[in-house]
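Two complexes come next, and they have one chain in common, chain A, joined by chain B in the first and chain C in the second.
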Partner chain A sequence: MSEILSSEVVIVGGGVIGAATAYFLCKEGAEVMVIEADDLASGASGACDGFVSLQTKMPGVHLAMALESARLFPSLAEDLEVNIEYNPCGGLMLATSQEQMKELRARAKALKSGGLEVEMLSPAELKEYLPEVGKGIKGGSFCPQDAQVNPISLTLGLAQKAQEMGATILRGCQVENIVVTNNRVREVHTTAGNIHSRRVVCAAGIGSNQIGKMIIVDVPVLPQRGQILVTEQRDPILKCLVSGAEYLGTKANIPELLPTDEEAAKLGLGFTAEQTASGNVLLGSTREFVGFDSNTTPEAMNAIARNAMRFLPWVEDLDVIRSFAGLRPCSPDGLPILGTVKGVKGFYLATGHSGDGVCLAPITGKLLSELVLDGETSLDIEPFSLYRFK
Partner chain B sequence: MALPAYECPMVVVGAGPAGLCAALEAAEAGIRALVMDENERGGGQLYKQIHRFFGSRHHGAGKRGFEIAAEMVEGCERAGVEIRLSSAVLGCFPGGELLVDGPEGVYLLRPQATVLATGAAERCFPFAGWTLPGVMGAGAAQTLLNVHGVLPGKRVLMVGAGNVGLIVAYQLLQAGAEVAGVVEAERGSRGYEVHLQRVRREGVPVYFRHRLLAAEGDEGVEAALVESVDEGRVRRFRVDALCLAVGLVPQAELAAMRGCRIAYADELGGFLPWHDREMRTSVPGVYVAGDAAGVEEASVAMDEGRLAAVAAAEDLGALDGARAAAKRKELLARLEGLRGGPTASHIRRARARLNAG
Partner chain C sequence: MKERKERKESKEREEGKATGEGGRGAARDALQGGRDDPWTAAWEVSRRKAVAVVDCRQEIPCDPCETACRKGAIRVGDDVCALPISEPETCDGCGRCVALCPGMAIYLIDRSADGGKAAVTVPYEMGEEPRAGMEARVVDGEGKELGRGKILEVRAMGGAAATLLVKVEVPETWALKVRGVRLRQMFIEEPEEVEGYRGTGDCLICRCEEIARAEVEKAAGSGFRSLAALRRASRVGLGYCQGRFCREPLREELARKCGRGVEELGIGSPRPPLRPVKISRLGGGDVRDTQF
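Up next, the complex of A and B:
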């Protein structure tokens, strides 16, 4: 403990957001230290699916940010030494009622005016993307810009590249306190010793509230549990991402798209499916507020499997080999919390991505790097300010 | 849409020697246990054992494994124990629920007591060619032979000269296969001398201080490369099957999922659910027995199953303290006897370490 540690920037959290922030800061030559309480991608980044979904974003700043992020993925895929399994496969959102079709159509219009390519498909037109769908499917919307990625590889790849550029990554290191004097961050006290630093980025996901308390700032991030099933490996059977309109309903809290079944509503059930590069199909998912409990439950596993069969009847023939749950850092309005805090210079928030962390990681990392080093960002992040909630 | 759920006093996962004995002991205490097993037949690994067992009369000495299995299954039937076969326990959730996939469909069990007697899995290690058809665990070869009546290969190399490797090598010979050799990295066999001599008498060479390097072949195993540890000389065996008998690993997944503390004991197969002498895990209401509690022998598994049931019955109030203590004393004494020999000194050491914390 006698060694005195110091770093130009300290990033709290070794998830995809922390890793992306480290990567972009290192690209600019900054000296970076990442502090991770457990291990890289041990939280939500390692317990999610690989959706890089643009059509689920809210038209406006949210979509604009996602579009910027999507543009960064191909160059990351090239630059990182780890294969992040980036696949610009497109994404399909299916409707099970005419009401949902109507809502998707209205949204498609708004998304299009925000610069996204979205196409409405009839049940007959769906066949081009999905040869076999459930009888109750009334059509859907297709977004060719949707993509998939391996979130764990993405996190590890970003961290590894950052490390190669000089970043230090402390695993199994917990932040105990953040010392602020004269309205500026000065030191981060950790289980590995005290670190002198004038700049601290909080990318702690569901731990952000606890980190915020250290500088007496309330960061309104709550853990939201998402459960996912993993099937056996199969030859390619899904050409694109697939989701149900209810997934968007529970995600963005759109009343017209919420599940009508009582149990499904309680679980925040929304259908998602993707086939990973290794051939497993990930079936999702739930949105539950159950504190920090990251266990899977038999009720949700059953509900997810049954729900998936409504959309893709053939999943009945797939064996489920595993289930897992992740805790998404959820903000009150489902949008990330980015930027500085009042009264404490050198403290930056990059959290609350509410299930969009993987999709928004590249742009978040880039914007945070700009904010920390230049004090201004290439995209206006004011709408994501912590103070929008007050 | 909701899963059907059933309450029950006790569920035993695994219908091997440990699980069946746990159910029998529970029945004696007046608890009707439900035994779940993913296989089509009860008896666990005993079912495929055609050799005679050693041990004491309590454990069916002198009988063949499948006979012991049949007797235990019949005993359970007489005692009113329900054994649900082809029923896989998929998960053990924090609330204690067990998720079952059986012929009736998928359902939940909510037991007051759970005995995990899930047995062990064959250990494997990676080497060049290890995914070729024809490479298999010795236990898998034994299942093919004794349960399905299928010869795993015409000419087989056995890796590992412990009891499993030696017994399966001999059974391969009995079934008409040629055994090219038994390869063992150590200086001697950990198995019983009688099994070693029987294989040698049949003219099968046993190569001590040799290790497997690779399996070769296009569509399946065609040859195995084996190296002498001391001389470095590499020998090529033309074989069409390669059996690995390099140990067993406790199947601790359900216990881990339930949140039971996991301990490590190399001598007992590796990671296993921590448990006290009475087979209680760190989670109240969850007990462990048999190879899942550390790889030993079938007779140990039987008595551990009974011990686990005594603890469960006592905790459920079906056995009073004095009767439980008396039963436990007898079972622990028997286990001490089973673990008494000089070849079990490493087991005794590991057990002492485990019990100490």
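Up next, the complex of A and C:
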């Protein structure tokens, strides 16, 4: 390489987190280079549903962060040139037993004290939101602040806007090594050449562990597979996001809400449904640890379809045209890993968002830009530190 | 499943007949093979009146023939990809299906005149206008010339973008082989090989998602490296057909724009189901019964 590359900040990863970080850094006038091994949104950001779900967050810092993130979406929708299909439609979580209702009610209380609007609904009251629900549905909780977004458009839109503001995006470029001297990041060696940079943000999703190894830090992120079915396009039939309480159970590991069926528990099955702007209904989903295998499986597709009919019987008439699976960067407690690394100045982590990457991308980008440029953040990110696991 | 198998068998018979020696003889063979064969039935009925013969082999989402028929003599059924089934007895030989079939795969045959002659009506969408009384070259499904035939009648059907229906008189033995007519003048200079069709900017590459060539070109030019990335960005190939129709032109387009080989690009990552399948079927019963 004859050309010497350099940048103030290098972001490893062109997913929604990397793109959001690049966007907010560029807004502050930083010089940014995004390195993506494959293509923009080629990982989890391009293989997920568009839930911006607040009622599935843990009351406390997690919820506070999600609320901040939700506030950023409307302005993003306006600022980005790509239509991100942002739709503040609200979200419904359905319970299939009285025990689940009890748990949801307790959670609703906690979420309300955290500043979220949540309303408990009886089966009769559900009619206002859904044409028909399964016989086993005992009620649910509705959060009007939940919203949906097109995750791919969001990623591409953020990246495109960042590029417009001066960011360089290298696609098909792999990081080979990160050079640290005198306890500071100095260079990033890539397949496209060596890049001089004193600041590196690791937003590599499921690749974060590998990036961490380059500076001898163990980033505990494991790929967790989520499978989703895509149906044919229909006129609007779903007014809001719909999920089952088991979805929350498998996500946040709440024993009361875990699926009782053995096979469902093995797949980490939880019901989700949303209708995208183009009219396709996305039905999910699973949470499985199967390494880096992003294929869909007949067992899971069968289970998702069966589970969907349990909650919304009328979906039986929809044609499934495709399935896909994404590998979510899963941290041990399901919360993101944000912040600096001890002993290596200029290295920042923004990964491990598990299933919340899309929802938390705007606030993650904003916090990271504050952290990289000012050294301090408007929201305390200490609870998301890498060192909470020790 | 059983029905599909039967249909496949009858399809094989049809193919054997369409390319086999001597339409009438082959039809007689088929008659011995099974009475419910729609071609055999049509062949018999054509002794009395004009009747539609469906030679459709493309299992694609296409059903204009079903709605074209006012008598309800052609059925595609719930699976829009299924091959149409015709009922020759119900058919009144109006020719609407002939005009409306986008694949030009339906014809009328009429052997009622007798005397070893048959009148075959085929769709015609070429530039030159055929007229009754002219002599036309009659071609088979491969475009090979069978011989000459006299044009008995020319009529237009199908509304604003009408298709011409040309009725041509041919020896009875050709009746099941005729797939089109060419006028004499066009015979003079014909290229040996036809170059691939390259559409204009507003030609739809992805029919399901209605994405035009110009849009794809724009997206392909903005630095995407794989078919999957192009798909994510433009939704091209994400429709009902799962990209079965547009994958090849897309690969070519992307290869051209990013200067790589078509082979290098791969075919993306196809995911089940191969064909649209209802949730009730996908989620029903034992997982081993679930077919993709």
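Throughout what follows, the second predicted complex is superposed on the first by the 390 of 390 C-alpha atoms of A that agree within 3 Å, B and C clash if a C-alpha of one lies under 4 Å from a C-alpha of the other, contacts with A are read in each partner's own complex, and residues count from 1 in each chain.
In this section, a contact is a pair of C-beta atoms (placed from the backbone, for glycine too) under 8 Å apart; a residue touches a chain by one contact, two chains touch by 3 or more.
The shown structure was predicted, so the numbers you read here are calculated from the model rather than taken from an experiment.
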item: Room on chain A for both chain B and chain C (clash or fit); value: clash
item: Partner chain in contact with A:170 - chain B first, chain C second, else both or neither; value: neither
item: Which of chain B and chain C A:19 touches, first, second, both or neither; value: neither
item: Partner chain(s) touched by A:162 [first = chain B, second = chain C, both, neither]; value: neither
item: Which partner reaches more residues of chain A (counting touched residues only), chain B or chain C; value: C
item: Which of chain B and chain C A:261 touches, first, second, both or neither; value: first
item: Partner chain in contact with A:301 - chain B first, chain C second, else both or neither; value: both
item: Common interface positions of chain A, toward chain B and toward chain C; value: 295-296, 298-299, 301-303, 306, 323
item: Complex contact set, residues of chain A against chain C; value: 38-42, 46, 152, 156, 171-172, 229, 231-233, 278, 283, 295-296, 298-299, 301-309, 315-325
item: Complex interface listing, chain B residues touching chain A; value: 1-3, 91, 93-94, 97, 99, 106, 108
item: Residues of chain C defined as touching chain A within the complex; value: 209, 223-226, 228-229, 232-233, 235, 238-240, 242, 271-273, 276-280, 282-284, 287, 290, 292
item: Residues of chain A that touch chain B when the two form their complex; value: 261, 263, 293, 295-299, 301-303, 306, 323
